[in-house]
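Take a look at the structure below.
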Amino acid sequence: MSSQPTHRPDPLRVVVWCEGRPERVDPEVARRYPHGMNGAIAEGVEEHLGARVRVTTADLDQPEHGLDEETLAATDVLTWWGQLAHREVSDEVVKRVHRRVLAGMGLVVLHSGHLSKIFRRLLGTSCTLRWRDAAERELVWTVDPTHPVAAGVPHPLVIEEQETYGEFFDIPAPDELVFVSSFAGGEVFRSGCAFRRGLGRIFYFSPGDQAYPVYHHPDVRRVIANAVAWAAPEAVTEPPRLTHSEAGWFERSSGA
Amino acid sequence: MSSQPTHRPDPLRVVVWCEGRPERVDPEVARRYPHGMNGAIAEGVEEHLGARVRVTTADLDQPEHGLDEETLAATDVLTWWGQLAHREVSDEVVKRVHRRVLAGMGLVVLHSGHLSKIFRRLLGTSCTLRWRDAAERELVWTVDPTHPVAAGVPHPLVIEEQETYGEFFDIPAPDELVFVSSFAGGEVFRSGCAFRRGLGRIFYFSPGDQAYPVYHHPDVRRVIANAVAWAAPEAVTEPPRLTHSEAGWFERSSGA
Amino acid sequence: MSSQPTHRPDPLRVVVWCEGRPERVDPEVARRYPHGMNGAIAEGVEEHLGARVRVTTADLDQPEHGLDEETLAATDVLTWWGQLAHREVSDEVVKRVHRRVLAGMGLVVLHSGHLSKIFRRLLGTSCTLRWRDAAERELVWTVDPTHPVAAGVPHPLVIEEQETYGEFFDIPAPDELVFVSSFAGGEVFRSGCAFRRGLGRIFYFSPGDQAYPVYHHPDVRRVIANAVAWAAPEAVTEPPRLTHSEAGWFERSSGA
Amino acid sequence: MSSQPTHRPDPLRVVVWCEGRPERVDPEVARRYPHGMNGAIAEGVEEHLGARVRVTTADLDQPEHGLDEETLAATDVLTWWGQLAHREVSDEVVKRVHRRVLAGMGLVVLHSGHLSKIFRRLLGTSCTLRWRDAAERELVWTVDPTHPVAAGVPHPLVIEEQETYGEFFDIPAPDELVFVSSFAGGEVFRSGCAFRRGLGRIFYFSPGDQAYPVYHHPDVRRVIANAVAWAAPEAVTEPPRLTHSEAGWFERSSGA
């Protein structure tokens, strides 16, 4: 930990990962997201971060879900969306991503990704919640205006139609709670949550469903782009490990 | 700090403090709260904690607002409600209460007490918020079910008519966020917040207004009683102070 | 979550779990802990909590490690110590304990238990640290004097000889950081950490090694007893789960 | 809050404020810090942030302590060091700085600045601690390696001689605890603490005393520069204030 570079990688290497199933099985979704959900999310990140990022996409049906060792080794921030097929994600790939997050890679988990294997493994809880689907209005309120992910985001951010998520959301108390949503039916939800695990930063943002055009919403895109920029590490190195030391080991380690 | 007793005082000496003005100037409030707002809150605490507490009340128009040195020295937990007359509270009394909280006294701040001098002094921010008054339904959701203040509280707790409070609520991020409310008009509010300052515990709970019978609501009473029990210290001692030590001062201080 | 009882179980049913191996393979350890490490820890809990607890012990070499469904269903708080044989703990038992913690059971993890499967699964990180073994003095400092686990604990708590643990300790930032230790060689360690996961409370306390008589230390025993009392739930129910609701589902659920 | 720009000011306008007294009354200090403590701190910030900052200095003995309305209105981040003369700082200036921090200005408080009026006002506690002065070695350990202020900082950072600060440090639990120090005599201290108040970010870093050449230490300079960069806001606007709204006020406010 003693010799990280002090500037973030430039450009950031971002992989947008979506399961890729809803747009394949449901023509409505395919019409809504003509470039796939992956495509819509990637466009939003590029729109806001421009030359600061180099974005690629990957999905479940690629070999190793498009997340082989080599690809991950060249990824600074990974975004994750899944819904129908969490169980089809290989345990081996989950273990690899887990290791990489602890080593510093940023992770942005979106919407129904709350039940993904990787999110549950990193957080340790069930990550369950209460839901309804009634095309209700969601209002996303900023409760931490000092947070970089909230920069430039309207207060509230208004989403005309969305699936409803409600508490109790079984996550550890976020290290930083940034957004709280209300839904027309009365539910509230901790919709923007920052976590720090190992050397990595994780952001969960709940808006975004295959059944609504939420990933075309300009403010939602801004939040996701902000989250990618915030989650970027100085550098991805090695995950923390058990270390044995001799007394006074640090005497020759400092720049002092 | 090295020799606190390890059982809480029994019974807890609780002072319920309300400004006492609205019920005097508005016959509607007097009808709604025939024993004053103080009386209603005190009844709720006694109802739930019974022989575990000895409750008295105090208000703004008593000498030293009923919070003279002797009274405070014999108080384990203080609850605070004010609205019209925050500025009339003496700075001397505020300083005294502040000192006592840092020394361990519990403090439960209610509703419009968010703008009281004592709350702002303890938290350091403006403690401002956004409000409307439209007799809307408030739903109070538990986001930390492990917290003692949430024990036995319905999820959600439903209040048919309430004043509306909304974010951004300018407080430090609570040490423990227990409740989040939504209002029929769409606002959200961090309505149950625990803070630890000095040796003292502080709980803020937003439901409760002179214009609504909220302090007769059985679940609201339970929350306030839970908050009183939670905020109670092992003992109130002295506030932390600047201390000079010699090297090895602690060698003779431990029970080891 | 809407109908928990509001008093903790009485007496608390506590299971003290230790691996049980060091005292079997090392006569020094057996001499140091004539009733086993399990025995020493159980005595400390009983010494401080008396009639408030009913303590039993269990270890690795019992069938299902002494943690069959029936036993766990009758356990309010579990304490965990392991070192040599983390890998021998059955995944099935870990899954069962995990589920039970999310449902509300308290868990107190001791010393080298930081690398146990259950702790790593609940926290999601590697839970690794830096260590040396040089019989150095450990000083345990209270950084949150409002916390129930710190009640009656000397500041600092002095342990004449201990194994040295040092940062970086790869855990999520604790929900409440209660103790920080220094060691004679200069290392620091977050030695008392509270976490809330699902409906359960978890406390990690680092002092305590088979090679030192730490579990006979009166202040260490007090901390462990405090942690058991703090971690006790109102009641253990069911773990949180994914729930589908209809609009307005809560209207008939409240006592309002 | 709905229309912040999304890029930080460039260059950052930084004011380094030191009381300026020790170097005037003590020739040893003047020899140690030939350009004043202000000068040493400013050099460190410029050394690391270069063209990203424009640094000026101010001290107690200037009119309005060099912190008149106009200067503050043009300041993005303020650093604060004081020791002998906290009481001489004008309450009017403290109020002005407080207001500006809530409006978004970053604040970096150094060493004995823990007892400054502005730090105590922002945090609400006594901010007292335990101290000795014995030229002991301080080791500064990183406990949050994901934090931008820790980037490029050795683990541990070694300071050969320093004044000793010890717990209990009476501050609110930091929003992010980044560094914990040990001292040769055994004390520990939460030496690097991040707070968020209103729209502003605050960092406290304890190393640095007039009696030691700590502000010439390359790693200490890096931490202070990192803290300045981290505390910088997107923009300083107005402090949060009490706001009355009509129902549905937000419908025309969003980009949605």
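Letters are used for the chains, namely A, B, C and D, taken in the order the chains are written, and counting of residues starts over at 1 for each.
As a working rule, contacts are C-beta pairs under 8 Å (C-beta built on N, C-alpha and C of every residue); 3 or more make two chains touch, one makes a residue touch a chain.
By chain, UniProt protein names: A, B, C, D = Trehalose utilization protein ThuA.
Please read these numbers as outputs of a predicted model, since none were measured by experiment.
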item: Reference chain B; chain at largest CA-centroid distance; value: A
item: Classification of the chain A:chain D interface as same or different, half of numbers criterion; value: same
item: Fitted rotation between chain B and its twin chain D in degrees, CA, nearest 5; value: 180
item: Separation of mean Cα positions, chain D and chain A [Å, integer]; value: 31
item: Separation of mean Cα positions, chain D and chain C [Å, integer]; value: 37
item: Touching two or more other chains - residues of chain C; value: 1, 139, 142, 144-145, 155-156, 166, 168, 173, 175-176, 186, 196, 198, 250
item: For the chain C and chain A complex, residues of the former touching the latter; value: 1, 102, 115, 121-126, 128-132, 134, 166, 168, 170, 172-173, 175, 185-186, 195-198, 239-248, 250
item: Chain C partner contacts - residues on chain B that touch it in the complex; value: 1-6, 104, 139, 142, 144-147, 151-160, 175-176, 196, 199-201, 217-219, 222, 226, 233-234, 250-251, 253-256
item: In the complex with chain B, residue positions of chain A that touch it; value: 137, 139, 141-145, 155-156, 166-169, 173, 176-177, 180-184, 186-188, 190
